[in-house]
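Please read through the structure below; I'll follow up with questions.
Chain naming follows the written order as A, B, C and D, and within any one chain the residues start at number 1.
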Amino acid sequence: MTGDVKALIAERAARELRPGEVVNLGIGIPNLIPGFLGPASGVVIQTENGLLGVGPRPQPGEEDPDDIDAAKLPVTALPGAAYFDSASSFAMIRGGHVDVAVLGALQVSATGDIANWAVPGKSVLGVGGAMDLVVGARRVIVTMTATSSAGEPKIVPRCTYPLTARGAVDTFVTELAVFRVQESGLVLTEFLGGANLEDVAAATAAPYEVALTN
Amino acid sequence: MDPGKLVSAEEAVTRIGDGATILVGGFGLVGAPLALIDRLVETSNARDLTVVSNNIGEPERGLGRLLRQSRIRRGISSYFTSNPEAVEAVNRGDIEATLLPQGTFAEAIRAGGAGIGGFYTPVGAGTLLAEGKEEREIDGVLHVLERPIRGDVALVYAARGDELGNLWYRRTARNFNPLMATAADLVIAEVGELLPSGGIVAEDVHTPHLYVDLIVVSP
Amino acid sequence: MTGDVKALIAERAARELRPGEVVNLGIGIPNLIPGFLGPASGVVIQTENGLLGVGPRPQPGEEDPDDIDAAKLPVTALPGAAYFDSASSFAMIRGGHVDVAVLGALQVSATGDIANWAVPGKSVLGVGGAMDLVVGARRVIVTMTATSSAGEPKIVPRCTYPLTARGAVDTFVTELAVFRVQESGLVLTEFLGGANLEDVAAATAAPYEVALTN
Amino acid sequence: MDPGKLVSAEEAVTRIGDGATILVGGFGLVGAPLALIDRLVETSNARDLTVVSNNIGEPERGLGRLLRQSRIRRGISSYFTSNPEAVEAVNRGDIEATLLPQGTFAEAIRAGGAGIGGFYTPVGAGTLLAEGKEEREIDGVLHVLERPIRGDVALVYAARGDELGNLWYRRTARNFNPLMATAADLVIAEVGELLPSGGIVAEDVHTPHLYVDLIVVSP
């Protein structure tokens, strides 16, 4: 996956976020989103290791060893930020007080199931906050390439990888398109990066309708 | 940054509708959002309220005023007894009372805010207060299953708040306020002093601003 | 019950407390205990409305409206005190971090059952923190007069009033005697206020052994 | 007032015996009690340890050092993956791994300290991580019953502590430390700075002193 593809996805995902929303950003593409949020975006970033009000990355040499995000990278805190312990942080997440979680996935299904923490046949030894976030956040946005490095579609009729949660995801953003999970099924609402129906069809294993919104 | 949170007490209480469940902070009157309660009494007509509060105020003070107006249909509390008029109202059948041990009451509100579906506590197991509730032995000790409590609206009081809605509580006026601020669809915070954003040390914020929807400054 | 009787009981109960212990004091006689603890007692008082490190009552005119105890009376806080919310306070209590609870009772049984919150036939509308305290505190001391105002013994074979908790109490202090609840049964370990075996027998409905320790 | 709480790191770790369950604070190495861990590695021989920590350190750092000594029998964690050597040790069968969602891990430790016998969470329900656990629907949503976690000893780090044992944590170095400080029979706090009693504002104490048994000052 090239930097261009990542940036394309992150930029589009950033436009999903509305002023005043509290957002938790996963490792990888979601972590690029702050670069696409203007200073007046009004989006508030929460990191599950205990900070609400994450600011920009510090300048080199100005890192504070006690200020990191969930990716264990240095961060700053904005004025009005608050720190809290991990039980409080996940109470916030599980309790539905985080508006949006943006995170990557290995597979997602047309009904919003998500698999993003384990590969079959390998030992599963890291889950972190992924399950809490997809269950707890009011809106879940998955940012990912349309296909795996082996070329397999990640949007599938039914996840074959171990599930993170069932029916939890609202929106998928890939380098090809934006999809919405709706009661009626999966809906493609927007093409990205110049992709067309054929490109998406080749990279998508799940059924979906097309209802472009722009 | 979020000037939209600051409203008058009168405006804030218009958000409480008939039949609403309201969580009201305070241990007795200490830490109770008295200006909000007074406006609720004086300018709102919301009726059939379910009040979740450790006490139902005192006669003529705090929630005791709302009680006198017969606008409370049900109380969930650990200690109705501190207001004799609340006891009379229950005994007359005017209000329905649900009594919980104080720690269970607090924990249930925390659970309501924290997305916990229920919890087992040894407190109250085997007593009158566990009647009708599921009980089970865990590691040889009888426990009772308690359910989370949530409200439509929470009314809380904090000595200090900043413009974003971060809150800091003074001394024993903290009590149930931080829990209630997590457990309602709409959280209205009455603050003694309004500070600019960042006016509370980030490590010492007791209630992070995402929990607070509306801010009212005490008169 | 005269002030002398209350003071006698409180003074004896105070001597049950050891340096460094964290103690929660109920309403009534237990609230007199601080008057019998020397300044160097090392006993730390917790009040369940959210303060560890309760100090003496303030001088008249110096009350802080935000500083009260669970009896809703004004208190001060000692240097090194900590304030916390009610869920944290009861986590402390239920979790076994409070060493001793001292509280009153309507009835206690020879096996340490306690009834202290409700009278049969009356509506039960106040329990407060009593159940949490008797279940959670590591040691529970009951301070009470030996008999009710109607002259009925409060130490009974089996509580007839609604229970607060079963088998929770370790020690009873009345104006007549100190009792210990032991595996083998109830043991009278000390006479108080000049009482003798006959006085105690007349005021006690439960069976007990006598094994004086001083 | 309680000078007995202050000890050397070397003395403190003698209290960890063979087969002990130890709770160790920190998110990665941030907020980890590194001086205590180093002394445990260098001066204690305690073996067959069960380590409850969000991560198992990094290679050659923090708990990763203890792992290399093959003194960890079991790990309870949300993210072993951050130390590849921990993953290898699990795959070789050298250590037994219990994986929990991070929020469940945190909540279970809080429950351990708070006398809660168990709690229902929707997180993980219906997944691999709920296998062997009781599940039930609550209000139409599948929940899984999780049990409290407690330790024999907790090792925590706080930027500031006072002589009584009150603790204050700096920035994101708070993480699991305050929870772990409530959930072990013996709590050893490593503090960056030791203050006189009362040196932390009473409202801003993060861990009240009754939770702390021993205090060690970071070198």
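Convention: a contact is a pair of C-beta atoms (placed from the backbone, for glycine too) under 8 Å apart; a residue touches a chain by one contact, two chains touch by 3 or more.
Quantities reported herein were computed from a predicted structural model and do not represent experimental measurements.
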Intersection of contact partners for subunit A and subunit D: B
Remotest chain, subunit C as reference, centres from CA atoms: A
Where subunit B and subunit C are represented by their mean Cα positions, the distance between them in whole Å: 29
Where subunit C and subunit D are represented by their mean Cα positions, the distance between them in whole Å: 34
Centroid distance [mean C-alpha coordinates] between subunit D and subunit B, Å: 32
For subunit A, residues contacting two or more additional chains: 77, 83-84, 90-91, 93-94, 135-136
Subunit D: positions in contact with at least two other chains: 107, 110, 114-116, 121-122, 169-171, 174, 202-203, 206
Those chain pairs that satisfy the touch definition: A-B, A-D, B-C, B-D, C-D
Subunit D - residues contacting subunit C, complex: 1-2, 110, 112-116, 162-164, 166, 182, 197-198, 200, 202-203, 205, 208-211
Of subunit C, residues touching subunit B in the complex: 47-51, 64-70, 72, 77, 83-87, 89-91, 93-94, 118, 123-132, 135-136, 162-166
Interface residues, subunit B side, partner subunit C - complex: 27-28, 30-31, 54, 78-82, 86-87, 90-91, 97, 99-104, 106-107, 109-110, 121-124, 126-129, 159, 169-179, 206
Subunit A residues within the subunit B interface of the complex: 20, 22, 42, 44, 46, 52-53, 77, 79-84, 90-98, 135-136
Touching residues (chain side subunit D, partner subunit B) in the complex: 107, 111, 114-122, 138-139, 141, 143, 168-171, 174, 201-204, 206
